[in-house]
Each structure stands twice: as C-alpha cells, then as structure tokens.
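To keep things simple, chains are lettered A, B, C, D, E and F as they appear, and every chain counts its residues starting from 1.
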Amino acid sequence: MPRSGGIASMMRLPVQENTDGLDVCFVGVPLDSGTSIKSGTRFGPRQIRQESCAIRSAHYDLGAVPFEDVQVADVGDVSMNIYNLPEAVKQIKAAYDKLISNGCVPLTMGGDHTITYPILQAMKDKHGPVGLILLDAHPDTQDTMLGASIAHGTPFRRAVEYGCLDCTRVVQIGLNGSVNSLDDYKWGLDQGFRVVTAKECWHKSLEPLMAEVRGMMGQGPVYISFDIDALDPSYAPGTGGPEIGGLTTCQALEVLRGAADLNIVGCDVVEVSPPYDMAGTTAMTAANLLFEMLCILPGIKRRH
Amino acid sequence: MPRSGGIASMMRLPVQENTDGLDVCFVGVPLDSGTSIKSGTRFGPRQIRQESCAIRSAHYDLGAVPFEDVQVADVGDVSMNIYNLPEAVKQIKAAYDKLISNGCVPLTMGGDHTITYPILQAMKDKHGPVGLILLDAHPDTQDTMLGASIAHGTPFRRAVEYGCLDCTRVVQIGLNGSVNSLDDYKWGLDQGFRVVTAKECWHKSLEPLMAEVRGMMGQGPVYISFDIDALDPSYAPGTGGPEIGGLTTCQALEVLRGAADLNIVGCDVVEVSPPYDMAGTTAMTAANLLFEMLCILPGIKRRH
Amino acid sequence: MPRSGGIASMMRLPVQENTDGLDVCFVGVPLDSGTSIKSGTRFGPRQIRQESCAIRSAHYDLGAVPFEDVQVADVGDVSMNIYNLPEAVKQIKAAYDKLISNGCVPLTMGGDHTITYPILQAMKDKHGPVGLILLDAHPDTQDTMLGASIAHGTPFRRAVEYGCLDCTRVVQIGLNGSVNSLDDYKWGLDQGFRVVTAKECWHKSLEPLMAEVRGMMGQGPVYISFDIDALDPSYAPGTGGPEIGGLTTCQALEVLRGAADLNIVGCDVVEVSPPYDMAGTTAMTAANLLFEMLCILPGIKRRH
Amino acid sequence: MPRSGGIASMMRLPVQENTDGLDVCFVGVPLDSGTSIKSGTRFGPRQIRQESCAIRSAHYDLGAVPFEDVQVADVGDVSMNIYNLPEAVKQIKAAYDKLISNGCVPLTMGGDHTITYPILQAMKDKHGPVGLILLDAHPDTQDTMLGASIAHGTPFRRAVEYGCLDCTRVVQIGLNGSVNSLDDYKWGLDQGFRVVTAKECWHKSLEPLMAEVRGMMGQGPVYISFDIDALDPSYAPGTGGPEIGGLTTCQALEVLRGAADLNIVGCDVVEVSPPYDMAGTTAMTAANLLFEMLCILPGIKRRH
Amino acid sequence: MPRSGGIASMMRLPVQENTDGLDVCFVGVPLDSGTSIKSGTRFGPRQIRQESCAIRSAHYDLGAVPFEDVQVADVGDVSMNIYNLPEAVKQIKAAYDKLISNGCVPLTMGGDHTITYPILQAMKDKHGPVGLILLDAHPDTQDTMLGASIAHGTPFRRAVEYGCLDCTRVVQIGLNGSVNSLDDYKWGLDQGFRVVTAKECWHKSLEPLMAEVRGMMGQGPVYISFDIDALDPSYAPGTGGPEIGGLTTCQALEVLRGAADLNIVGCDVVEVSPPYDMAGTTAMTAANLLFEMLCILPGIKRRH
Amino acid sequence: MPRSGGIASMMRLPVQENTDGLDVCFVGVPLDSGTSIKSGTRFGPRQIRQESCAIRSAHYDLGAVPFEDVQVADVGDVSMNIYNLPEAVKQIKAAYDKLISNGCVPLTMGGDHTITYPILQAMKDKHGPVGLILLDAHPDTQDTMLGASIAHGTPFRRAVEYGCLDCTRVVQIGLNGSVNSLDDYKWGLDQGFRVVTAKECWHKSLEPLMAEVRGMMGQGPVYISFDIDALDPSYAPGTGGPEIGGLTTCQALEVLRGAADLNIVGCDVVEVSPPYDMAGTTAMTAANLLFEMLCILPGIKRRH
C-alpha cells in the first residue's frame, strides 16, 4: 500500500475498540474546550494519525523494532462532552480506567493539556502516585483560569490535589515565555518539583539532565507528558500558545531517549493544533515523538 | 492614515467602553466554546475588524452615508467565561442589557451562533418578542447537542422557550446540507416559522422573497442574524460547518437591502472562523455585511 | 463522539476489509502518477474521509435516509504500484472485480482520473457495457499523453477500446477550458457521446438536461464519474487542472439528483488534490457529492 | 516537456527582448507602489506566467488557434523605479512607446492599476484617443490619494486629462463596493462614460450589454483593462481590494468574447496579488483571461 | 476577557492619541514603500498587535514586572504619505519629534527599515548622536537603491550623514546572506562600526559579545533596531528578504537581555511581513521581542 | 529591474538552450514520479528559480564573485516522460551526456531524488567513478520500492551497480528518522561508504568532519547531492519526507564551504516540494544552497 493510502490509523496500525490483548495502545482525546488562546487541538489526533503514515517500523539510534516486542494497536478516540469540561474530565477518567485495566500502556494524542489531569487520575488509581516528566513551556499549575478550575492551565495543580503525583519525582522541562506573575513557577517548586527553564537548556545537550532525571525517577512508575509548545515555534508552529526560545527537537529526543530505562506507564503529546500547522510539520513532529515514546517503553529490546 | 494603519477597530471607528451617546454600536463576542465541528470563531471579531479597514463610508446602491445620520462607535468585546457555556450565556445577556438600555442598536460580530440566544434574551426584555430574519445553513433548533442544551445548534429553540421570538414573524433563509433527521426543520415549522431552503433559492433573485418578508415583519421589532455558513463555501470558506450549494453574496445583499424599511433592533454576523479563512475573504465578507446592516437601520437616509 | 474525533473513515462508517454483506462501499484509490499538471490527488481519499466527518445521515431534499435502506461500509483503499501505471491499472481492475463480485456498488474516492479506466473494465466484466454520466472539464479521450497510453487524459478512449461503454448512452457534461486542438471533443462525438460544454450550462438550471439524460440512459446500467475540475475553481480550487467558467455546485447537485431514478452501478469523485486545497473546501465538497451519490442509488427510498 | 517544467514564460512562449517581428506580445509591469490597501501585485507577472503553463493552444468556443495566425512572444518585464511613482510612470510610458512602435499589440500583466495610465499615454501617442472597456470594482477616477496624483485609484482621471480616452467610447463594467462619497461615479459620468454597476449585472448574461458596447465602440481603437477585483472574491481572492457581489468569471468571459469584433490595440490584467492567492487560482484566472484576450485580437480567425 | 477578545492594541494596553503622561509607548509605522523584494510590512503593526494578546505581564528571567514600574500605552500608528518616500520620512520625523518631546521612549513596530532613519533623526535632535545596536542580516548602508536615496537599504548611511549616530558606538550583529559586492560591509567599517556576521555567531552564546557591547556603549544614549530578518528564516519566515544561516531567537534574547543596563532611548522591530507569515509566528516573535525591549528599559526593576 | 520582475530564470541569469560556451549551468529536472510519500517536487525547479531573485552576486564569507570567474547560464529544464520512470531515467541520462560533453558543470534543481541516478551515470561516463558527498535524511540505497527498481529510494544502489561511484570516496551525512529495518544503513557501509547520522551532528560544527571528508575525497572528481530533507523541517518544511532532528542550515553551509577545495564535477539540490512550502522558505533555501555550490566550484577565486 502506498504511504498515502489506507485508513489513517496511527502508523497504519490495526484499529480495535478496546485494549484487549494489547501491551500498548495509541489513543486520541479530541478535546480543545480547555484552551485559552488559539484553539483547534480537537483535530490533533486525526492530523497526527494522518502524518504518521510516513513513520517506518524500526528505530536506528535505539536499536528498537517495537512491533516485534509488544502488541500495539490504535484504539481510536475517547468520546466526551466537549461543552462541559468537568463532565468531560470524568468521562476521560472512566475511559482510561478501562483502557489501562489490563496493564496496557496508553500513548495519548491530544487534545489540549486539560486531558492529562483525568489520565493521571486513572494512572494513580492503577499504579499509585506516579513520577512525571513534563515537557512544557508553561507550568500548568494555575489554580483557576477565568474562574474555571478545569482548563488547560491547571491540570498539574489538580493532579497534585488528587494525589496523582509523587512530587519528589516530578520534573518540568522547558518552562518559558512571559509569565502572569514572577511566582508562576513557585507553586510547583513548593511541591518539590524540579524545574528546568528553557533558558537553562540553551546551547546544551540535555543528556546530563536526563542522567539526573533517571536517578530521580528510580524504578517507580513514570508518566511522560509532552506539550508540543515546549518546542520552539520553529519546530512546532501549530499550537495555541507558542513561546520563543524553546527547546529544539534534538533536545526533545535526548529527553525521551534519556528516559529509556524507566518504568513508563503512559505518555502523551498534547496541544497540536492543525489549523495553525500549515504544512503539517507540527503533527508530523508529534507523530514521531509518539513513535519515540513507543520505542522507550518497558519491554522494547535494544538490538544493537 | 493609510488603510493598513491605525488601531484595528471596526471600520477604524472610535472605540468607547459603553454605548453612551450612541445610536448604533459594533460589538464583538469572541466565544467559540459552542461549536461542534471546526472551531476558531473566537478570533472572528478581531479578524472582521482587521478586514473592515477597506470599507469606505458611503453606500452607492442604497444612497446611504450612515455616519452622517447616526452616532456609531466600536464598543469592543463582551467578556465572558469561555469554559462554562451556561455562565457565558448569562454574562452575554447582562452585557447586552446594558448595551441596549439606551436604545442603542447593536451590530454584533461573533463568535459562534450560541451567542444569539442571550442577545435575543436581551432584545426581548427591551423590546418584547421580536421578528427574526435568519440566514443560516442550519435551523439551529436542536434540543441538545451531545447532551448540552446550550451550544451553537440550539439557540433558536432556547430563544423560543424564553419567549424571545414572535414566531409568526420568523423566517429562516438558506437551510441547506445533510440533516440529522428528515424532521430537522419540522420543529421550526411547527412554531410557525417560514422556512426557505437554499435549494429554493438556486438561480433566483431573492427580491420577491423579501417583499413577502417585509409584509410578514410589519412594523414590529426585527432582529437579523446572519450565520456566515448560509453563504456558499466559495464565498465563505472560513467557517466551521460549511455546506455546498448555499446562497450567493448577491442573494445575501438582496436579503439585507430588502429589509431596509423594517424596524431593526439588532443584527449579528456569526461563525466566521479566521484559522480556516486563509486569504481573509470570509472576514472581509462579514465586515461588508455588517456595513450593509448599518446602512439599512432606521434613521439612515436614502440620498438618491 | 465529537465530530472532530474518531478514526477518519468515510462518514465515520465502520471499516471492513472486503465487501461481504455490503450493498454499497466507499473505497479509495490513492494514485496520482497519471496527472499532467499539479499532483497531490494521492491524498484525496484521506482528505475526503477527513472532511466527511461533518456529514449527517439524512438528505432533506431527496427525503433519503440511506443507512436505513442499504448496508454501507468503508473498505479502505486499493493498493497498487504507483511507479508503474500499466501495472497499477491491472491491480485496480483486479481489486474492483473482487469488490463488486457480490453486486456491491462502489463509491470511489480518487486519485486521478486514470483510475476510472480499470474501474470501468471491472464494471463491463460484471454488468456489460455501461452508460456513463461524466462531469469533467476535459474529455479525457486523448490517445496518449507524452507518449503514454495510460494517464489521466486517456481513460475514456481506453474504456471505449475495451468495450466498457455503451457509446449511445454516454454524456459528458462541463467540457471547458483551452484545448489542445479544435478537434478535442470530436473523438467522443464520433463515438456517439452527447457533449455538453460548460458554456452551454451558464446561467441555467440543469434539470432540463437531466430529463434528457434520463431518457437516454433508460434502464441499463449507468456509471457516474465526477472529475472535481468540472466545478468552477471557486468551488473546487484543490485540483490539478482547474478551468475558469465551470459548473456551479448547484448544477452539480441538479445533475446528481437528476440521475436518481437510474440503474447506477458505480460512482466516483476524482482529482481532489489536498495540497492545493488550503481550507479543505474541495475535499468537503467531494465528500458531500459522494453522499449525494449514495442517496440516489437504487434501493434508497424517498420518504417525502 | 511536462507542463510543470521549463522556464516560466507566459504560456511557455519564446522570450525575446523587444517586439521585433511580433504582432502581439505578453509583457509584465511588476509595480505595486501605487496600491492603497493590500500590496503584493509586484509578483503578479511572475505568478501569472507560472500558472499559465496549464493553458493549451486552442480556444474551442471561439474556434481560435491564435499561434497559427499571429506572431506572439513574451518580452519580459518593464523596468522602473519602484520608489518614485511619477518617475515610474515616465519609464513605463517610454517602454511602451518602444514596444508598440511597430504596431505590436501588448497584453500586459500587472502590477497595480497605476500602470494603465502610462500604457494609455503610449496608446494615445500611437493611435490617438482610444475607446476603453474597463472591468473594475472601482472607477479609479479619483483626483488624488493621500495627496498623490499618481496612484492606483487615479489612472483614468489622469488618462482623460492627458487626452488618452475618447470619452464617448468608455464603458466601466462592474463598479461595486462601498464608496468614498455618493459622487464617486459622477466624474466619469460627467465625462460621458457608460457606467454599469456590478449590481446591474446580477443574475444576468452580459451578452446584451456587449451588443450595446460593440455599437458604442465602432471601428475605432479600443483598449481593454481588466482589474481582477471586478471579479467576485470567490473567483479572485488574490487581490488588494476585493469587493463582494462582483462579476462572475462567466460574465467576464462574455464581456471579452463580446469584444471579439473590435479593433483592439492593447489589453491588460492588473491587481493580481500572489501573497493573497493561496492556491494560485487568481493568477490562473488572470492567465486564462489573457489567453481570451489574445484570442479576440484582430487577425485571429474563427475556425468554426 | 479571553485572550482572543478585545480591541487589538499592543498587549491589550490602553490606547491614547499622544504620549502625555507616558514613560514608554508602543507605536506603529505601517509603511512598506521602501521594500525591494517582498512587500507586506505595512500590515506589520496590526499583526504584531494581534499576536501580542498572548503575552503575559511579567518576565521571569529578568525578574521584571514592567507595568508596575513605568507608564505604558499604545499610541496607535504614525500617518504618512505612502506614495512619496521622502515626504513620508519627513512626516515620520515630525511625528517622533512630538512623541518623544516629553522623554517618552518609543518602542516601534514597522514597517520596513526605511522608518528607522527618521526615527534616528528625531532621536538625534532630542538626545544628540546615539549609539546603535542593530540586529540585521543586511548592513542597510547602501547609498541608493535603484537610484533612490530613501529606501529600506539605505537608512544607516542617511543616519550617519545626518549625524544621528555616534559611530564609535555602533554595532551591527547578524550580517548575512549574499552581497552586492565584497565591499558591502566596508562603508560601515570605515565609519568605525563594529561588525559581527551571522557566521561568527554560529554555535555560540552571544553573552560574551554583549559584555563587549556594554563596554562599548557606556552610559550614552542607545537605540536598538531589530530587523526581523536577522533571525534565521526558521524563526521568522514572514519577512521580505530572509537569509539562511541567521541568528537563533535564543541569541536574539541574549542580545536584548545583554543590553539591560544601558541607557536605551528607543527601540524598533521592523520588516515583519504578515502576508508571508502563514501561522503568525513571525509577528508573534516580534511581539515578544518588543516585550523583551520593554523589560530592559531604564526604570524597570529586577525583582529577583 | 526590481527583484520581483523579469523572467524567472535562476538568479535572473540569461537562458540558453544548451551549454555551449558555459563553464557552469543551472538546469532543472521537474520529475516527481519517483516519490513515495508527498509529491510536488515537479514544481521544484520553477519555485527555486522564483525565489532565487533575491540572491545577490557575491559571497562575503568565501570572498567569491563567481560571475566574474566563470561563464554561467540557466539552460532550462530536461524533458522526460513522467509516466514511465525507466524511460525517464534514460532520457535524463541522455540529456546530461549532452550538457556535460564540453566539461560544463551542472548545478541541478530537482525533482525527486530518482534523478540523481541518471545524472551520476552521465558523470561516470564522462569522468569515471566519482566521489559522492550526500546530504540526506535517508540512505536511498533500497533495492526496490513497492517492487520498482527505479524510484526515489533507490538511486545510490543503482548508481553503485552501474559503477558510478568510487565507494571509498562516498560520505552520507545526515541519515535520520525511523528506518524500515535496523540494516537500512548496512548496504552502504558494506560498500565502504562513510556514514554520519544526524544524531552524530547534534550540537556540533561540521568543520572537523569536512576536514576528514576533504582527505577522503582527494583530487578525484566529486559529486555533491543535497536532498533538502537532510535539513531539519524547521528549515525545510517543503519536502515530501521530512525527519525531525535534522541538520541545521549552518551545518549545511559548513559542509558545502568545507568542500571548497575539491574537484567538483556536479551538484544537485533535490526534493523541494513547493505545495508544502507555504512561505517559499524551502525553495529560497535551495536557491541559496545552489549559489553556495556555485561559489565553491573549481575556478572560483577567493578574493579575501
């Protein structure tokens, strides 16, 4: 089949309705009701799938051939009420409870960052509090946005309140851009988060940072959340709140590959907004980041 | 000042915070939380203002020079909670109560069609039940969407329930596209709405229709709501739910100019979605439709 | 499920691998190796599926609710060698032989117009020579293009040579644009084709034409091929060889609805090129045309 | 040669430096310093040439095969000082004096409408006052723009002052859009121009109008100037000052073909702005209009 | 107010007509008549304002909360004759004389680089010869362009001639791209400018350079001019003359933050061309650079 | 002549039909029938020429003024049968045999990478086996693609089989992205190719690598092939198979300038796909890379 053909499932994998028999699933959450600036991420899952047709099945640098080691499929999208955020959060939580009940590792395509809150709730209920590697230009630890407690700027404060996170094992990488107040990062720091601003990453390999992160994460369960706006807009223009001076994709790959020995229980890539992604490069990048995430999961062998 | 310059207010009019001293105001409602397919109309008011810089001050066919006859300004945008639709509806209602308290006629830039419901509430409280000229590809009379009673497919059912509309003076022009059920237009018909499908308009001038509509509307207060998706996508690609075989802009102008003798108390143009409006033509069209609306208001003289 | 969500199958229908149990199937042929000017139609099937998410399940003007009357699914795309056109033609022919072996009616998403030749071969082998309603700006009856006998300008000459067409029941509607020679339409006329240029359609309803066409087609099997470039570029910019002064979508709908009583055995919409379809309106139009085709098939009841 | 290949001359014609031996030339004037709203027409000639590669050599409706009847080439672009409009006008005038000295008919690609003034000066010096068929949304008869006498809103007032026009043989077709004053069309009317607004053209064939125009033009020399903004923005989004409710391309073709028996001494298509012409359809339309102009020139035979 | 709402003033600041009571103003100069390749910068001020809605009020890395320290507003755009460059220069000069008469620091949004010449004239008349930190791919020290002395390639030669610059305190950072002659940088070097090519910046932090620059600038008045084409096109595609191998945004931020202790009397960001800035990232970058400039002005405290 | 004007030849050079009297020629091969994912490179030559209008005549960093040292022209495009890849390869080979028969060095604009195979065949027949500097994200050494031996993923395997390459003098720089198998690079390594992955280049100057490459290449003939997808998508979004984490343009310039002392017999830039190159930056980059290639050719003096 030419790469332009076939039903646009993630990486042209088989589609199934649930995670029966799966070690890993790709799943979409097409919600953008929580965005504050530019919207459009509701089409993120579709566009990421579309662009994923170009991805081949092996990873040279990691020596990984994931489809030989684990059972993977695309389980489609989670359904939810896009007009009612608190209800949507409950619906997503319920859907993930079911998806991961058999231990399946979900690789999620957002949607805006709101969705990571209910995913982390499900993670916590399954695995206990998890470590978190967050790549993001924004801390997303606001208490409320325009008065709402559920929105794309609040998921990690809500997650802490719900007990989802082991706060000694949380790292936020790539914080960047103008802030609402000089205290914007303080709430996370007060919880014990390790905070790494984008500026601290300029002109540098992030391999040393990841050595530190691996030590910090230990053998406990780890969740990786990748807000595409952690990347500089030159790499990821198609997002709602881009910030200049962000991470490079090389650095992003160093972070993900540097997490290869961890006990990863779930990952997401969020905030890809196709209407602002004229040539599809942001969705293409997201598709590749998800493939990278697949290749570092427990159970994937390194063949060279 | 070159037309590309100056603060982008509607038609480069003065900006003021309220409607004191105004006969007519332009006002935006940057809400798109009620959309069901493609979003982005939250940027409608800004983009319409941007494109409006090309509009000149007189209307040749109508013989109108509106700024000589009425006091007009841009009063900016209504603020609301974009994360909570029922609350947003209340906030918009309250804002319009205030805007029109002195009899000022609001010309509104949406935003998705959800916003017409609270505007009509304010109209009703000020003027009593109003007649309605609706240009729209969709009847927007659903009871709920994905379980929500407030969304962009429900405003006219809600408006009827609230008593906003004089159902004997409601005309829906341009209904078009696939339907959820063959009964989609029935609810309106049952209320007494006059329904004119797009197909009934093909290859025709709408001047005869408007003669009928003028008779129907009489001297009572009339509101005009223009969902840009009433226009064929060739004229208005930048909207969330385009339908092929729609009205032409000539027909739209015939409808608006045909309403020139009516007692118009408010107008809106909604569902302009800038991210899908690559060359700005949809917003440019909306800006011109709003200028047409201004030129047919009571108090505007016909000079030839 | 929000309309932006779910695996992007045509109209969000179930996907199955073959046509077992189906009356009608949607199927894609992602081939663009036969194009002569702008390419990109290899992504036509994907983009049409993407845009089809907005289509609802009933057709008001026809009174049709097709999914209640016939069994329909999306059977994905045909696979073929995009580097070898003669071989690709054979592979497509073989695939359609199988798809229609049980009488299933295929509604095809192209791909460039080359693909209609092997589809017609399969039609002929199943149904005998068929009548043809072709909407196209170009006759596509060249003998060769740059020396090649298989390309997107030759399918109907090849089809006649193979005996696919009942030449007394062929109508070409919308011929338009500059020509290679003043004899470009002559070959078809010599075979007995009815030729209707775009110019003959200007400012007119095509309902009278379709009355004539229905008489011409009688009760024999009919195939409908819709090259999207039959439409004026204002409606369908996203195609490789647009010609100004083309058909309107209203006229296209009149043609399709005018074919509602015929014995239709297959339909296609070809030449949609997503890279030139900035806002997706061409693919959206194609998706709607395919829904119209579904609603006029034998077995679909008219409910009002 | 594939149509995508070869040096992008107009219609892939030979390029030569002057008009020696030519009956007709295509020539570009890449000037946009005279625009008032959106600029970008400086790239008009290049983009029109680019899109012209799709045009074939014969015209079916007119029965014309122009390259068999007249000698045509692309003579490239006129050079001028883009930073000084009055000087640029002089340079263009001088260039056209030379181009047409041997009687060659220039088919010009703009550039903004400023350029028609010096072209008409050259026409007058060669042929005496000419008749003018102007397709334009705007009369372009302002006295000054922001104080400047040379700009794209003034060419026809300047042309009258210079004596270029036989004012009894001037028709302005397609006037449209908001106006600076209700007297905007009066200056032309006072000179004796025939004025046809876009509104007068709605829902109509323009063949009757052209019968009148042919009578008006008689056997005297005629110049045709086509501002692409005469077309509705659905056909020509890529221009600096689009106006809704404009002419259709069918009507434009009726106008040009209706001028086929006249003594045409020059033509232009101006105001094509590639940066606002996302899919190239405006430039493609302009290229086709120029081919239509070529096919109606004196000396081109009608073969059927 | 949602960030997508409200009149699009710079950073949604209050708009006022003059600088009364202001320490700092944002001001636009929507002129692009001086460009030589791609135009469109006349819409720069509007688009920068549009994108600025995403900027928050505090600067984490600098510890700055500028609106607590200085009085800032948007004073709209300077009006000028876009058809006459020498006159436009005079009008801009006069406007800036007035804007800065009370010591207000102007942060200017261009417009093409021509505008920096009259701004520097006003600076000189107010402050005497100023130091200059120029970020630009081109030296802009040509004597004439196509014979014109006022154009976007000549402002710094004109500024030196007028006595605007203290040539011992001028640094040009980021010179890049092909040159008209190997002597292109020589004129500046001969005046005593410090020249740093883009190539000298590859793979490096620019903090050491800025230590040198701070020494060079001393306590005298300094003007910062940022031509967006100093940035690599991956960061700033929306400009008329991009050059590959340019500065990164990280480096740009290092330059601006490295100027934090200087006596800055004015800044500009020029050459943002919205028609070539498909996703708005160039204007978004410009908006952020202007916020950075605001945060380094004299009087802004560093709070951590 | 303004840079936006004139026939769009490469760098606005004279156009001639053959290489008589030329030392160097620019030539296009508008073929994209060999692409596997996104197509469109058939318009590469035209778009590169279009964007090349901004390039000036001298190279500051190299001290080169190439047009003073060598005779260069644009010889247009090679014609070939785009519907038959094996035949197209033969036609390209024949065309290059003729182009280089007088020793002229061809600088080629693709087209997809298929074209480098016949070019290398011609090189071999003229110069014997050549060294190769390949910048590419993909090794392009597959045996077949979908069964075809001629396609854009196979040129270098075919070239080795034909004896075109001196395998001890082949370096592949920038290999990147997911792979079909962990052995994808092995075939090249087995031939003796030097392989440098993109990852090995992260955070580094490539000047040391080029010192090694110069040693490896010695004085023998060298061909440089630059697949634009070697660059990170942030620099070159307009290509059919982009891979994240690619080379920077700075690194690309280091590679090319590092090849300045070699015996270069030909160069190409391939895989530029204009339909995916929204703002033209990829084509602009390609045009600049071709200028860099011109400036490093034998015979070009270094003037400082």
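Brief remarks follow.
Basically, contacts are C-beta pairs under 8 Å (C-beta built on N, C-alpha and C of every residue); 3 or more make two chains touch, one makes a residue touch a chain.
Quantities reported herein were computed from a predicted structural model and do not represent experimental measurements.
Pairs D-E and B-E differ in how many C-beta pairs touch across them, and the larger number is found at B-E.
Centroid distances built from C-alpha atoms place C farthest away from chain E. Our note on geometry: chain A versus chain D, Cα centroid distance of 55 Å, whole angstroms. Centroids of chain C and chain F (each the mean of its C-alpha atoms) stand 40 Å apart. Per-chain CA centroids place chain B at a distance of 37 Å from chain D. Shown for chain D are the residues that touch two or more other chains, namely 2, 4, 36, 38, 42-43, 82, 146, 203, 232, 234, 276, 278. Taken together, the touching pairs give a contact graph of some other shape, not a line, ring, star or complete one. The touching residues of chain F, when paired with chain A in their complex, are 36-38, 146, 175, 177-182, 184-185, 197, 199, 202-203, 232-234, 237-238, 241-245, 276-278.
Residues 2-4, 53-61, 63, 65, 203-205, 232, 234-235, 249-250, 253, 278-281, 284-285, 288-289, 291, 303-304 of chain F are the ones touching chain E in the complex.
Here chain C touches chain A in the complex through residues 1-2, 4-9, 15, 28, 30-31, 42-43, 45-46, 49-50, 74, 76-80, 82, going by the rule given at the top.
Those residues of chain E lying in contact with chain D across their complex are 32-34, 36, 38-40, 42-43, 81-85, 145-148, 150-151, 275-276.
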